[in-house]
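Encoded as structure tokens, the structure appears first; notes follow it.
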Amino acid sequence: MSTVAPSEAARKGPVNWALLLPWLAAIVFLAVMPLIFASNSALTIMNQMAITIVFALAYNMLLGQGGMLSFGHAVYMGLGGFFCVHLMGYVENYEWQIPTPILPIFGGLFGLIFAIVIGLFSTRRAGTVFAMISLGVGELVAACSLIVVAFFGGEEGVSGDRTMGPTVFGFDFAQKIEVYYLTAIWLVISALAMFFFSRTPVGRLANAVRDNPERAEFVGYSARFVRYYSFCASGFFAGIAGGLFAINFEILTEENLNLVTSGSVLLVTFLGGIGFFVGPIIGAIVFTLLQTVMSLYTDIWQLYLGGLFVLTVMFFPRGLAGLLFMHWRPHQLGKLGTLVVPYARMFVPGAVMILGFAGFLETAFHARHAAQGNEVMKLFKFEFLQYDSHSALPWILFVAMMVAGAYGCRRLAPGLKAAWDEANTARSA
Amino acid sequence: MPAAIELKGVTKNFGMAEIIRGVDLAIPQGERHAIIGPNGAGKSTLFNLVTGKYELTSGEIRLNGETISGLQPFEINRRGLSRSFQITNIFHNMTVFENVRCGLLWSMGYKYSFWTPVNTQKKLRARAEELLEQINLADRRNVVAGVLTYAEQRALEIAITIAGGASVIMLDEPTAGMSRSETSAMVDLIRTVTEGKTLVVVEHDLGVVFDLADKISVLVYGEIIESGLPDAVRASDRVQEAYLGTTHEIEH
Amino acid sequence: MSLILVNLIDGLVTGLLLFMLSSGLTLIFSMMGVLNFAHASFYMLGAYFGYQISTYVGFWPGLVIGPVLVGVIGALIERYGLRRVHQYGHVPELIFTFGLALLIEEVVQFFWGKGQIAFNVPESLKFALFTISGNAIPAYKVFMIFCSMGIFLVLLYILTRTRVGMVIQAALSYPNTVEALGHNVPMVFMGVFGVGTALAGIAGVIAGPTVGVFPGMAIQLGSIVFVTIVVGGLGSLWGALVASLLIGWITNFAAAYSFRFSTIFEWLGLERPANMAESLLRDAWTLTFPQIGPILPYLLMILILVLRPYGLFGKREV
């Protein structure tokens, strides 16, 4: 973790279990998941999560570790992906012997090459200038993708076939489950590598340069060079994510390069928490779940997501990981249990308020946009929650829920605060 | 032996304003040199010129005989010059231990390595622990630097400054904002850790100055009006007039 | 010749429109150090408000009321959103404005749907003012030009000749001093942000009928606006004007002349590849000027950032 260093005292013997256990747990978890959720759609979601995690972790090398905000990082993932799809094409058409499992390396290398070139001038300054350049480069490449049809395939993009390569241990990766395990293995390798990187001198200096570039210069490091290093490493891993994307979806388009993709990885990473290594992981999982699950139940899920993002920036900028780690101190003090009841009590008015607000929005949306004559709506697409969106009753109900919920939260807030303070104070011996 | 730091005809203009107007100064190896002067005299600017933050308008600066004017701060640092800052400049999101360790990485040869995990480097850790002991922050090693007290942060700043083993240490108002006892502790610390090194200190607390310094230079309006042994400086009429004012300001 | 004149006019229209957006953005940046990623979203809001108001009381009231509404919303966002996030630093500020842009796009879709809205040129201006060898120049375009120029002059006057302008200029560089002198700097900030966004709103109302009103408006123009202020120099109003006009003309001229790059290659003696479908360089041979039009601003920005990081007229450190 970049901000909270695990106590050195946790090392017992040659193996640091505090560090090792989470990784082992994650590996077991990844191995076991498809046995629990075996359906095709579940596998697709899990693959998507894995790819997003790699991309978000790579992005956080820049943002969280290095303090560099980029609005154009999709470029490195996209370029890596495009390169891989072309390689797949050569494997298919010219009998090149590249086994599918090692394709992501090439994606990474291609992303790295581009990062090396672009980083030469883009990493000179950090902050706003860097963000602007990244935006410009991102838009430039996305715009070029429609011009350079030979590489980017124009509007249709480029497709490939992952099953055409030489088989590996008998696998040809036609099955989704095979792709899942391949992706999962790459996920673990990449995450380990990125974690490892953050513990090397360059990785530590990246944090230092983020916090205080002037100071970093006075311990002998060129801030600019450190940023360049982080940038290139980040481009490499983004390229790997691109390669995984190519294997999974077998098609890359201009969408993989544009501002929307760059924006969503920013959203994902920030939501998860940029100050923690696990932040992007949490963000990617939650975001993918929200995206796939919410879109089944509502048409305005993007509105909810946008609102959630803005609220996160305003009120809990440390992200979901930050929220979780806030509970570290109560846990250390053994007082985590004391928070269960206050949270449960706050949950009720909170849920009522949020559901009321959501219901209000859903009804308003339906009333405004539903086709003429289609008065009846199903709240969150549930059959048993049918009503006429133009009648007054649902509106009144939702407003009442919002007001009641808000009032309830208000009343309970001081109690929650007191419980929180109590849970965070060590009782003096 | 060439002088540790040598300034020759150094001037600095910001637009039309002449901030430093021709400074000549030579500080021999191992000397403890204080630079004093009224506010606005240009002391911090002088520091920033030597350490490479600002470009000289004219003149030359030499470190151990080698010209450093025009080099980047990190290049100057690698040649053996280190500085602290007037406003505490530490890595506020990292722990105390990590702060000190960062100060050591380059000088211990790690450079831009991305294949060695720092946690396994025993020598690195040992050296960092040593430094922590020296500044009495060993038991605060896992505290995030941003929440330390002011005096603790200043001590940490000193540790980072000397960590790299630089032979020339420049401290910018190290005791600013400290109480009596904190100041006294800081002076002892400075004296211990800069043993055998060249020290250049900018200070307002004249008690500290006369306690610590071998030689003093007085900077007024971008010019050095007097430079020499503490007693000589104190007795100088020019200095009295321009800066020291009434004698009761000097606490000794 | 006539084509050049038409393109000059079109370029002027685009450029001045861009200027209305970039002037507000660069003012906000130089004052508060925050690059408002959502600036183009206020432009979009202006267009939508202008449309909605025009359906009730007509275009002209919409031109006045719409931007005022946008400005008020902008000021409120500054007061309750931006100011809060400001304490976390520059990066969270940028992220906040980015999130805001996302949110505004969703909100717009919530109220008006995903399709294009039929915001029409007002009847009173729906005629050709004059023609240049057969190319009709619509009166609306001329109106756009005069409107933008008028706003620029008003802005210039306020900033350089009035007391408020002086306070703003001072607060641009020394906010703390200005505050110590008794001026309500937070109020000034809120005001500047409000005015900046209102400017964007006006641009939206004016441009709406010609560029089309749809949820993707903001993204379409957003990055170009950033390019403009970076090229012109962050914080410089004149720089914003010059850069806007430059980019307006470049993109319009590029779109108008179907110059083929193969002409240059052939002039250099290079051979056209025999099998165009297979050749790797086939895009270079089919490349036309209109195709690279959209990327020229970005190339320009990168060039400027590399060669002259302060921008053409920049004073403040970028």
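Chains: A, B and C, in written order; residue numbering restarts at 1 for each.
By our rule, a contact is a pair of C-beta atoms (placed from the backbone, for glycine too) under 8 Å apart; a residue touches a chain by one contact, two chains touch by 3 or more.
What you see is a predicted model, and the numbers here were worked out from it, not measured in a lab.
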item	value
Chain at maximum distance from chain C, centres defined as averaged CA atoms	B
Innermost chain, taking as reference the mean of every protein Cα atom displayed	A
Between chain A and chain B, centroid-to-centroid distance (C-alpha), Å	44
Inter-centroid spacing, chain C versus chain B (mean Cα positions, whole Å)	48
Separation of chain A from chain C, taking each centre as the mean of its C-alpha atoms, in whole Å	31
Residues of chain B that touch chain A when the two form their complex	51, 53, 72-74, 77-78, 82-83, 85, 89-95, 97-98, 101-103, 105-107, 110-119, 142, 144, 160-161, 163-164
Contacting residues of chain C [partner chain A, same complex]	35, 81, 84-85, 88, 90-92, 94-96, 98-100, 102-103, 105-107, 109-111, 113, 219, 223, 226-227, 230, 234, 279-283, 287, 291-292, 294-295, 298-299, 301-302, 305-306, 309, 318
Touching residues on chain A, where the partner in the complex is chain C	63, 67, 69, 71, 121, 124-125, 127-129, 131-133, 135-137, 139-140, 143-144, 147-150, 259, 263, 266-267, 270, 300, 302-303, 306-307, 309-310, 312-314, 317, 361, 364-365, 368-369
List of chain A residues in touch with chain B within their complex	2-5, 7-8, 196-197, 199-205, 207-208, 210-212, 214-223, 225-226, 229, 233, 275
